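Across the two complexes that follow, subunit A remains constant while its partner is subunit B and subsequently subunit C.
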Partner chain A sequence: MAGWLMAGPSLAILAIFLILPFFLAFGLSFTNQRLISPNPTEYVGMRNFESLLGVGTLTLEPLRGENGDLILEDGAPTYPRLRGYTRNNPDYPHLNGMREWISWTWGENRVYVLASDVVFMRALVNTFMFVLIVAPLQGALALGLALLVNQKLKGINAFRAIFFMPVVVSMVVVALLWRFIYDGQNGLLNTLLAFLTFGGFKPVDWLGNTSTAFGAMIAMSIWQAVGFHMVIWLSGLQTIPEHLYEAARIEGASRWQTFVHVTWPGLRNTAVLVLIVITMQAFALFTQVDVMTNGGPIDSTQSLVYQAVQRGYGQQDIAGGSAISVLLFLIVLSISLIQRYLTRERT
Partner chain B sequence: MASLSMKSVRKSYGAVEVIKGVDLDIADGEFVVVVGPSGCGKSPLLRMVAGLEEITAGTMEIGGRVVNDLEPKDRGIAMVFQSYALYPHKTVYDNMAFGLHIAKAPKAEVDAKVKKAAEILKLEPYLDRLPKQLSGGQRQRVAIGRAIVRNPEVFLFDEPLSNLDAALRVNTRAEIAKLHRDLGATMIYVTHDQVEAMTLADKIVVLEGGYAQQIGTPMELYHTPANLFVAGFIGSPKMNYIEVTVAEVSADGVKVAAPDIGEALLPIDPDKAAVGDRATLGIRPEDMRHGKTDGITVSGRVELVERLGHETLVEITTTNGLDLKGIIDGTTLISLGDTTDLSFAAASCHLFDSAGKALTRREVPEVVRARRGT
Partner chain C sequence: MPSRTPETRATSLFMRYAILVLVALIFVFPLVFMLVSSLKPSMQLLSDTSSIRAFLPVGDISLDNYTASFARAPVALFIFNSIFVTSVTVVLNLVICSMAGFSFAFLDWKGKDVMLSIVIATLIVPLETIAIPLLLVVNNLPWIGADGIEWGWLNSYRVQIVPFLSDALTVFLFVQYFRDLPRDLIEAARIDGASWFQIYAKVIMPISGPVIATAAILRFLAMYNQYLWPLMVTQSEQYRPVMVGLQYFFQLNTDWGQVMAYLSMITVPVLAFYLALQRAFITSIASTGIKG
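Moving on to the complex of A and B:
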């Protein structure tokens, strides 16, 4: 009893700030709750999820003249207007309100993938892209650094400290600094590239360009946390007994063979940890977006968490934001379960 | 199979010299045990043979070939580590096959060699297991199996029994002895346990202070230790020391004098002794008898009685403050605080000069010429 009382304050704080919001998010995602609204909250069922996840396809045939010939415009076939199908068309009720997400030409026809919420879809795809690129790259880079700093050299601790430094700096600060680095006019990166190419390099507005903004953000994110994962790898490396390396040396294993047969198997558990931690962190992509681009240009750097915050607070649509949070939770949960299954200990 | 020879081998870590010049010749097929207290440099010595440590100075030859600058894999050695050093994620089979596997040996050859080693070590039922599913003794056998598969010219053992419990240690010790008989390979075995050294070795190297204090057969080391260190290190309980003065030197031997023993004529070569020299008389506890049965008698108060059943360890302190240990018959009635006599024969005595070097004993038991297994 006394024990529970002692733990009481922190349990209360945990309940109020973590457990309650977690369940509230679930509850609110089934309502039309707004941040400030005169109307009472109503239960709306799956409507929030439907409006986020609604996807449909539409194949349009090209317009033909009386005689069946294609009507060409600048040499290209023309198609009926998309709006004709997605706006109050009684024959296509399931496409109502959707907008074009992706489209391509299939033979003569034009195929559209439509989404109820194109911005959310961008955020979803971006977040997955971010995870898929950051997890392997950051993990591998961190392992490389860990192998480099796991040597008995004078001053090796200085290198460990240097690689770890970005981790102790707040992401907000890092993101602000990198905004200067990526600056389109006098940014460090442009200046450096111009210097290295003797002025041949034309300055790029790294964050102002749809084709470079997301990549730039990925590069910066990898750089920022690589030191953290290096330290985890390093701790894993140091649990491998020296004798195993000596035994391998006596057997004549090359450096690569030693890595494959001694180091890497010894890092199994560390690898699982690093992989899961990076994946979680990558799914939570927010600060960089908020500080550097606000999701732009043209939604090219949207992310799920950024969208959740945008909806919940920016647009006061707490229910919508909650729905995104719930979806993110389900995604992360299933990926963790898959990762755990794939990396399980086989006996 | 190969001989091995070290010539003034030295090892320094920075300014600290651990091995200060060791000369050692090991014949083909010999079982050599390097023994010494912790920190005497026995492990570095073995690791220099293996090539895991650089040789600071001197030459090391294996099979007549200087190996100083050769990689471990090219030296024709295999090593068994104290911690077994098994790859935890590989099965017993893969652990043993690893060396051949990375040398890209044909599958059939790998299979044949691993199966043969497993047969020798009775590991066949465990080939598919992981090291963590084995007991300590089995793991050690796998480590030995891995060494056998390499078919080395010299086997190196670094305290291979230290992680085993007492009973298993005795068994595995016997297995290693049998393995040596069966394979006939040259083996170097490092331990701090003198029982392992005495039972396994053809030749023991007692290492201390960076030097080989004595190299010889177990019986030579026991009966004719070269100096005080070896005398004290080999044998348990430790040899008793009595400070004496040389009273007379004659063709019959050396007569020494000390307050507790009076005068005693010892059958020791008199060449290097001179009247008036200070010396140390050494007598092993197991050469002591209860009562005044043997030539030299010391009496004192009983300070310690440890009954082991078949024998009893007693310690007495004389009026002059000399402590002596004796192993006497287990049925002797004796109790703490008694005053009692311990006696010993002059022929059992060792004599060391003031520098700690042994003077030559004249009456050495026949068994000193015994070799392992005879």
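Moving on to the complex of A and C:
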């Protein structure tokens, strides 16, 4: 009795505000639920998922004139208009309503990958890219920092405290400050690069270019969170017994050998933890996008959570937002299961 | 092995510090820029970014941006809201989660193991993935107010507080800590006829300082820096916390000096708090990792 009473408040809150919405997300993703709507909610089957995930390919031959020659325009072959295939074409029902996602030239032909929801696809790919780049890079940099502050030097605690500082600053604040660093005209980064190259560097609008915006966001995200994982590595480093290092010294091991044969094996569990934590945090990418770019330029910095919020909150399309949430959760779940499998204890 | 002369040792020491200082500069420069810029008029702030002056308090230095930002937005209200929501949530969360942790660690009850595994399973559900359906849930919850029962929690303090009164990580931290405590403490108190609640309040909590500090710091950071949730649930300014209140500075023409002053005001107290207690902060993060 006492047991239920004492655990009760915590369990009730988790049930109402975490587990209920979690199952609701699954249920709602098969409906057309809106936040506020005059019409009753209807079951729509897989429609939300189909409209998010629908992809198709189409290969088009170049247009030819009556004599069979290619019709050239500015020296390049021309192709039939895509809209002829994706707008109510009875021969291509599976492509109806889709838009161009990626396309390339294959011999004479033009190959199109079409998607029902191009913005969502961008968000999906970006989120994966973000995780794939941030998880190893931030993990490695954090380990480097941990090794730096694990030295026995006077005042090392002060450095440790400074490296950790951005972690306590809100991402909202960090993202705004970095807008000044990345600014296209007078940005601090442009100023620094111009100074280092004696004025030879041409200013770049880091957040305004499709080729640099996402990388800029990644660099800033690592800057903000790397101190957190430095501390986790550090606690792992400090569990490695001193006598192992002494043994390595006596054997005359080089610094690199010591790292490979003593330090790294001792960090195994920490490495698993760091990787999982960074991966989960990286999948939740939202604040940076909202504060810095709103997903632009040309959707180059979209993310899944940003898309879920845009639909579920911005357009009050709870069902669409829930469908994205469900997909995100399934991705996070499978990734953490895969990670756990790959990093399992081998006996 | 080459023998090391005092000179090479001194050089190596110098190199080590040089690297440390360089890395430290990378981590502090945006914050220095923020503080220094908050003292400058907007025009000067923007032109100063093209030189080292961006980091120096030179030129037309004043506190005008701070007074102006108070005039521009209800800054005091936002700060109050943040402090109120954060402190109430942290305190109640610690009470609720430590009781649950106590129950899981020391008491026997039917379904305990299943419940604990469910709680731990929720660790991998980030708030971001349930934020949208949670919005629907809070929009349909009842509340007994001054005028009887009302429906919907949007635009209130409770919508920012109640959903966060329990979380798997905090429960888990308490369970871990309690399990390592000596069991004879409990048994002695039981023999003396103390109730479970008395044991929790009088025996266990007084010796749980370290885990309370850890959980409090983690909760404090998570709550104060929250953005997505308050952005969705506080449309009226009356309940907005500082991070969402920032939007006021971007309506119409943005005055970057005022933005910097506002950012400084909402960040410096946290930084000062952190620097004063940095050992506890760092130990608390480390302790979440050690057992993982």
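Assume the second predicted complex is superposed on the first by the 347 of 347 C-alpha atoms of A that agree within 3 Å, B and C clash if a C-alpha of one lies under 4 Å from a C-alpha of the other, contacts with A are read in each partner's own complex, and residues count from 1 in each chain.
To be clear about the criterion, contacts are C-beta pairs under 8 Å (C-beta built on N, C-alpha and C of every residue); 3 or more make two chains touch, one makes a residue touch a chain.
Owing to the predicted nature of the structure, the values given are computational and were not obtained by experimental measurement.
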Clash-or-fit label for the pair subunit B, subunit C on subunit A: fit
If touched residues of subunit A are counted for subunit B and for subunit C, the larger one: C
Superposed model, angle subtended at subunit A by subunit C and subunit B (C-alpha, nearest 10 degrees): 60
Partner chain(s) touched by A:F283 [first = subunit B, second = subunit C, both, neither]: second
Touching partner for A:H243 - first (subunit B), second (subunit C), both, neither: first
First, second, both or neither for A:N39, with subunit B first and subunit C second: neither
Which superposed partner A:I181 touches (first subunit B, second subunit C, both, neither): second
Touching partner for A:H261 - first (subunit B), second (subunit C), both, neither: first
A:G252 touches, of subunit B and subunit C: first, second, both or neither? both
Partner chain in contact with A:N67 - subunit B first, subunit C second, else both or neither: neither
Subunit B and subunit C, minimum CA distance [Å, superposed model]: 6
Contacts on subunit A seen with subunit B and repeated with subunit C across the two complexes: 252
Complex contact set, residues of subunit B against subunit A: 50-52, 71-74, 77-79, 81, 83, 85, 87-90, 98-99, 102-103, 146, 150
Complex contacts: residues of subunit C adjacent to subunit A: 1, 13, 16-17, 19-20, 23-24, 26-31, 33-34, 46-47, 49-51, 54, 96-97, 99-100, 102-104, 107-109, 112, 115, 118-119, 122, 124-139, 162-168, 171, 195-197, 200, 221, 224-225, 227-228, 231-232, 243, 246, 259, 263, 266-267, 270-271, 274-275, 278-279, 281-282, 285-290, 292
In the complex, subunit A residues that touch subunit C: 1-4, 6-7, 9-11, 13-14, 16-22, 24-25, 28, 33, 35-36, 145, 148-149, 151, 153, 156-157, 159-174, 176-178, 180-181, 183, 186-188, 191, 223, 227-228, 231-232, 234-236, 239, 252, 269-270, 272-274, 280, 283-284, 286-287, 290, 305, 308-309, 311-313, 318, 321-322, 324-325, 328-329, 332-333, 336
Subunit B-touching residues of subunit A, taken from the complex the two chains share: 241, 243-244, 246-254, 257, 261-262, 265-266, 268
